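Shared chain: subunit A. Partners: subunit B in the first complex, subunit C in the second.
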Partner chain A sequence: MTNLGFDVLFKGSNFIRLLLGVWVAVRISLISIVLSIILGMILGILMSLKNPVINAVSKVYLEIVRIMPQMVLLFVVYFGATKALGLNLSAETSAVIVFTFWGTAEMADLVRSSLISIPSIQYESSFSLGLSKVQTYIYVIVPQTMRRLIPLSINLITRMIKTTSLVMMIGIVEVLKVGQQIIEANRKASPNAAFGVYATVFILYFMVCWPISSLSKYLEKRWEN
Partner chain B sequence: MSEVLKIDSLVKRYDDLSVLEKIDLTVKKGEVIVIVGPSGCGKSTLLRCINGLESIQDGKVVVDDEVVNPVQKKASKSREKIGMVFQSYDLFPHKNLLQNITLAPIKVQKRKKEEVKEEAIELLKRVGLENRTDSYPRQLSGGQKQRAAIVRALIMHPEILLLDEITAALDPEMVREVLDVVLNLAKEGHTMVIVTHEMAFAKAVADRVIFMDGGKIVEEGSPEEFFENPRTERLKRFLETFTY
Partner chain C sequence: MDFNVIREYLPIYWEAFFLTIKIGWIGILISFGIGIPASFSMFFKIPVISQIVKAYVELFRNTPLLVQLFFIYFGLPKLGITISAQTCGALGLGLLGGAYMAEAFRSGLEAVPKTQSEAAFALNMSKGQLFRLIILPQALSSSVPAVVANVIFLLKETSVFSAISLMDLMFTAKDLIGLYYNTTECLTMLVLFYVIMLLPVSVLGNIVEKKARFSMFGE
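This part shows the complex of A and B:
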């Protein structure tokens, strides 16, 4: 039987190490995602108010995020801030800062576009039924905004989780890095380890992201109305 | 008869564009007013000024002895008294029919859920939609949506109902079912201000017809004199555009 290299996973604590690597990736994304959602909501609402100053500033911010590769941002924050500004940021903190910087921008744009996509007749017919401004937001506008926003932001969340694989570039030992280490260590004993290890990493990513994107599909179906 | 609506030299401008110039209009309880006029003459704007959706530059609008425009602090309270149905479908897409109709009575008037639900079904029966309570707006035809929108306004027991070209976006075969509902409301004594391009319907439903042009009321009268003996040249020309 050909050796597909899965055997290395059962050597020592290799599999546990991979799982811990997943946890590092998930932890960084989870913190960044929660921060991005909170900050993105606030910024998105501010952007929907069409204030010229806020619009100008957020436009520059969104543009920076759009054109800068995440890896460059990681290097700028980790090496730049730590060395140049003398801040002592850990690699993980730097990663959270960069992912939040990126996620907030994208989230804010999603919130803004979901909010302005609600036709003004929805506000007006709610007002003419006697609902107050606050009631109009609670019962009419926010539920409709959520239905547009949630599938879009789930897509953003899975992209953020996938992109955490970049953090190994600043020395964080997440799942992909652990995988490489295992392959390195077993180069002689089991030359096919690369296949088994990367296949496992693939499956692990799948197991994290798949439930999230199925949740999104489920919600989209439920909210078709 | 008591006055439900009194508009006093209302002036509405958008920046430099004057849309309504010194409009005076009084509507008594149970009266049905139909407003006709060329596109852009200010009909929709007038209705929107009546229920406070637009700010006005001069004059005032009084509904049931309460100033509703210039808009007061407790504007949402007085809006309850004014029902409005728009041209485009304005039902809430994330709520089913029953939820669309019961939202405002429960949240605004704080009425009991059960009682509101009962009345909603009663009203839906009258417009032939009693078996569509669980349907969402996108599952309904245009005519059904507009009938539901009328019910949603009615259940608030408004003092006055404003209808802005509610059949203009409908396929011709659905116009009738909606206008029949309005005709019935008129017979029951509801006070209404109706903007429409359906002249035959105007003739049938109106107690008084008003012709607007260029932001002013140019002529008004009973349906008979209005359609048979228009006094002004402008109204004559306007009515001619409806005969082929």
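This part shows the complex of A and C:
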């Protein structure tokens, strides 16, 4: 019982490999979050226009994202697209597609709700001060929307990073898979490696996500009006 | 799309569906059991306990369920703690959900304005009455949207159970695809079963959210 398998981490380049695995997860989520922020802003603004067609379509889209597990979406895109459409997507591309599909919906909802939450008095008073429509948006509405939006979208980044742990199921070698490989490779030499390696992966995820979610909490508190 | 295949697989999927629901709801019950006391301890700032609860909430909110399950299912047996896949699934989901529920209820409790307690004291209510009759109903009402979102989130997270070889919907679909290569049928059924599982919860959640808005009245 003295050996809990932490020693495996320091054999060869095992720890570096784990860190590279973390980077794979972070890279996928960063690409997806950038795409989701851009697409989500566009969709969110479209949704706040209250066009009945856009509203109906976006409602269905948001409901799909709300009730479909990301894992199912990953499988549908990775295995289903290959079979049904003959597309040969790499695992990483399909992961980015799924996370962007999911993130865009979340982001659009955040943009819409923070646009709606700005009271109409704000618009009315800026018009009465003689600001044009563009000026109203640039100087009054967007800064207030940003204050609500930024903490929430930072929080979305941590959720993305956490969800990337699922991509190992479609064969991407990220931190959890690397951990599994290390455990398999050292099954004879240190049979207890599962404890040490998985505990390390646990801590690694925490060390990546915790600072980001703390930042989001801090900003949310600071910008509360 | 081959409907004979679908008819053949249907019983297997139903079995997996009920298993998923069972473990999902047990996990959600555990998460309520953990979340409510945890949120109280944070709200009343009970020394030591509230710090431990805070650490637990941060730890489980900032790590993915898959990693937690791997640690519980593959890591803990090395310490001599062996748990069956089903117990591990429910426990992992409960621990994850507990952290989310604790946050939901805590922010609900803290959303009740100070004037409410002051008014209650002015009416000569005791501390117990204040909490039971004034704070709790309003806190519950304002935490409903977060709780509904958490329940849906937790039910969705059950798809991760397949990784610890629990025969849930995801595992069944993966297994059948691997055996017979009926990818289209299997994935369609998987999607449909998740719709059956989550659409009612989502619709019901919306209704509950609308009914429970009473704390917002008068604003």
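As a convention for this text, the second predicted complex is superposed on the first by the 223 of 225 C-alpha atoms of A that agree within 3 Å, B and C clash if a C-alpha of one lies under 4 Å from a C-alpha of the other, contacts with A are read in each partner's own complex, and residues count from 1 in each chain.
Basically, a contact is a pair of C-beta atoms (placed from the backbone, for glycine too) under 8 Å apart; a residue touches a chain by one contact, two chains touch by 3 or more.
Every value quoted in this text rests on a predicted model; they were computed, and no experiment measured them.
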{"item": "Which of subunit B and subunit C A:M169 touches, first, second, both or neither", "value": "second"}
{"item": "Partner chain(s) touched by A:P143 [first = subunit B, second = subunit C, both, neither]", "value": "first"}
{"item": "Subunit B versus subunit C as contact partner of A:A194, first or second or both or neither", "value": "second"}
{"item": "First (subunit B), second (subunit C), both or neither touched by A:R222", "value": "neither"}
{"item": "Touching partner for A:T158 - first (subunit B), second (subunit C), both, neither", "value": "second"}
{"item": "Partner, of subunit C and subunit B, that touches more residues belonging to subunit A", "value": "C"}
{"item": "Partner chain(s) touched by A:M68 [first = subunit B, second = subunit C, both, neither]", "value": "second"}
{"item": "Footprint overlap on subunit A, comparing subunit B with subunit C", "value": "none"}
{"item": "Contact footprint of subunit C on subunit A as seen in their complex", "value": "1, 4-5, 63, 66-72, 75-76, 79-80, 82-84, 158, 162-166, 168-169, 176, 179, 183, 191-192, 194-195, 197-199, 201-202, 205-206, 209-210, 213"}
{"item": "Subunit B-facing residues of subunit A, complex", "value": "121-122, 124-133, 135, 139-140, 143-144, 147, 223, 225"}
{"item": "Touching residues on subunit B, where the partner in the complex is subunit A", "value": "51-53, 76-77, 79-80, 82-84, 86, 88, 90-94, 96, 103-104, 107-109, 136-139, 149, 152-153, 156"}
{"item": "Residues of subunit C touching subunit A in the complex", "value": "58-59, 61-64, 66-68, 70-71, 74-80, 152, 156-160, 162-163, 170, 173-174, 177, 183-184, 187, 190-191, 194-195, 198-199, 201-202"}
